[in-house]
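Two complexes, one shared chain (chain A), two partners (chain B, chain C).
Right, the complex of A and B next:
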């Protein structure tokens, strides 16, 4: 672990996703400055930072909603920063967007089926559906209910379930704990570990520094649109700067 | 009394076709968030297609329903794909105002085009079927009316089933509810727009083919129906598809029953007065703002 330097072990990890010196603008405003991150196969990687530091911008860039001005994003050896959002999803990246972004006037079941939109294999879809209901039994009990009638925690489960319906290799989550009761947050983080244990790589963006770094194999700290620290999750948690800035210790 | 019941039934028949026109307008608004000002002009185009197919191919008016909706699907699909899409792409970050201006231009263009090539005269289908009637006790119906009602309900029902049960239907609803979220889960929203515009125009094509035996067609005929469709869509609740269909029935009833008591020109005013009263008390329309 170090500040602003790149330890050799980072390069040794087989990268599933690598973001290389990416610069992103909103109009004339420069939001992301030379951001580089890598996510290895079957890792949980967490990006932490305060409000307005560029976390969501980075997520939107990864999903193709925003374009990079310079730099590249490589997933499974292929450049994806020129692709449109739906093409990126079809490469095997599913994203749970900030605010969950469910289809409020569709049932739980329809929301889940929509998650499988990129797939054509009916058996695979049925298997994914059964797996999601196994992971979140409440979704099965209330599958004909409208998504808008769910509580925040239940909506987050549905949003994660919907993302898993596409059989992703990489699951990206933008602030999954935002606005949730602590008990729901713990449940969500436990579930993310279960999902990871089944072989799905997870990239997590969070304001809840302690929780997200404690489950992450590696983490990055983003400030003012720049990656300022990186390292194994537990080690980052013990860094004095991080402790002082984010944990108030 | 029987006159009142007869006019009530007539209202339901014509209202169901208005419902289809409004349904297609509401689909475009609900999914693409655009107001298609050329809607009436496209309806006029569908009515001319129907007229020409009957006249030059000698087909029975009912059989035009096999040709006009698919042709209008193609017109809608291509219009969206090659004309509207490029404007839309430049306006993804804001309300598609450019598209609104474009559809207004298209409306004027189509009206003028048909004026140029089809002439200003009102034309009707000349076919025995148009004048056939069905007498049920005290009530007299034209076959075209009854067929219009049955076919409209069938199209409306099939469309709702399509939206609820098929993969593309679900993607259309999802895109209407949250376009960005839909694209992030793998939906090509521009393709959904192409299909939605095509389906909207196909439904409008069916409405045109059902209307023509009941009305005459002339280059500005769409203005009347287009304006009525706007009233219906707002009355039913912007973006509410079932609201559009029910709104159509309500307007059909007001028009038909009102005509029994008022001169025809006042009926038009009555529609707008009731429209304003409803909006005053329920600004989101009768069936709310909920997308479906």
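Right, the complex of A and C next:
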């Protein structure tokens, strides 16, 4: 584990996603300061931090909803920070947004098909659909129900299922545990590990530091828009500063 | 509903509609019938952008104006048949919709509505100040030719009735096609949560532009029809804010995003306005606008999704939402 002084992307040229010295502003307000992270193939990487530290800003920047002022984002060797959101999705990045953001007045099934938007291969879509139903059997049982009638945990499953419909190489999740019952949170994190085991790289942004770092191969700690720590998940969990700040130990 | 029962239902409706003129032979009722279909047609055209795509436009009178003025000016200045003018007007309107939409689609909710309202007002002011070509605030009168079908004029109102019914069915056909196609499906997602749709990779501007262009094309064609039916157009009546709001109100009252909703809304508003005119005569001008307001408030208060939903609840029919992907792929 190391306290960061220099960006680490140089040594991670082979990584799937690398964010290099990214600065993002809301108008004049400087939100992200020289943020650099990298996500290797088939890793689970977790970004943790409190409220208002820039986690969601980083996610929105990755998906193209916000623009970088300086710095670059490279996915599979290609610069993506100048692409539009729909172009980024086509590159193989799927995002589960904060608050799930389902289509409330569409059925479960229609929500899922919507996720397959970037794909053209019908057989592939069909396979993805079967895989998602296998992963979340409840979605299959209630597929003609409106999404709004689902509980929080079920909605999160649907949101993850929808993101998987696009056969992403990188799945980004913004606060998947937010507002869920503890039992649902455990279920979601177990599922994320299953998804990862099938070869999908996962970038997780969480306030639930303990749970997310315990499943992560590596983690980053973000404070005031800066990455202040990085290291393997288990090591970060035993860091005194992190323990004191986030776990209250 | 199976396709067969749907066909049968369609044929029954067609037969009833073709018999209607035999019952209402006097020109006054015939005129109301034509206006009824025209307004239902306009409401359905508005519905493509305002209902299916969920973009509440308050500037649709601009497209009515573009349709009416294009065909009329082409006819008056160069003697070009309004049938051709109708197509030219529709093309102009499609371009205008994309042009207006490009900056406005980034706006949400009320801001989008206000921007479209402003666009129509600007067009109205331009027309009112172009005296030579567009007749300014006095408007344009179309030369009476009596029976000249190629010039879109006929003394027998049945001529207009047949055309408006055909227009009405064409917009229903296109609406149905949109609702069952991928485009309709994506528009529905945009209506539900546009940021979420965007994050899934949907190109928002593209699909909103498609909806706006189709909606504008139909609206403009209706504009030409109106000009030829009334043989007189003026900016206040055709491009004014009143018409824009009327079209939106019809759909909201009836039920946005459905096929029956806008038709119900149009029937309710046109019939109630005509009855008021009939019984109140010239007294209490503006009473119809007040009535619209009361109906609108009542519907929004008790059934925000429109009267259509109430009627559907009443008949208690269970209609499944249909996905363009459903056929054999999902199960």
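As a convention for this text, the second predicted complex is superposed on the first by the 241 of 249 C-alpha atoms of A that agree within 3 Å, B and C clash if a C-alpha of one lies under 4 Å from a C-alpha of the other, contacts with A are read in each partner's own complex, and residues count from 1 in each chain.
Everything that follows uses one rule, which is that a contact is a pair of C-beta atoms (placed from the backbone, for glycine too) under 8 Å apart; a residue touches a chain by one contact, two chains touch by 3 or more.
Quick caveat: nothing in here was measured; it's all calculated off a predicted structure.
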item	value
Fit or clash - chain C, chain B, common chain A	clash
Which superposed partner A:115 touches (first chain B, second chain C, both, neither)	both
Touched partner set for A:144, first chain B, second chain C, both or neither	second
Dominant toucher of chain A (residue count), chain B or chain C	C
Which of chain B and chain C A:129 touches, first, second, both or neither	second
Which of chain B and chain C A:63 touches, first, second, both or neither	both
Contacts on chain A seen with chain B and repeated with chain C across the two complexes	63, 65, 84-86, 89-90, 94-95, 97, 101-106, 110, 113-115, 117-118, 162, 166
Complex contact set, residues of chain C against chain A	185-186, 188-189, 192-193, 195-203, 320-321, 323, 325-326, 329-330
Interface residues, chain A side, partner chain C - complex	63, 65, 84-86, 88-90, 94-95, 97, 101-107, 109-110, 113-115, 117-118, 122, 125-126, 129, 143-144, 162, 166
In the complex with chain A, residue positions of chain B that touch it	167, 170-171, 173-174, 177-178, 180-189, 290-292
Contact set on chain A toward chain B in their complex	63, 65, 84-86, 89-90, 94-95, 97, 101-106, 110, 113-115, 117-118, 162-163, 166
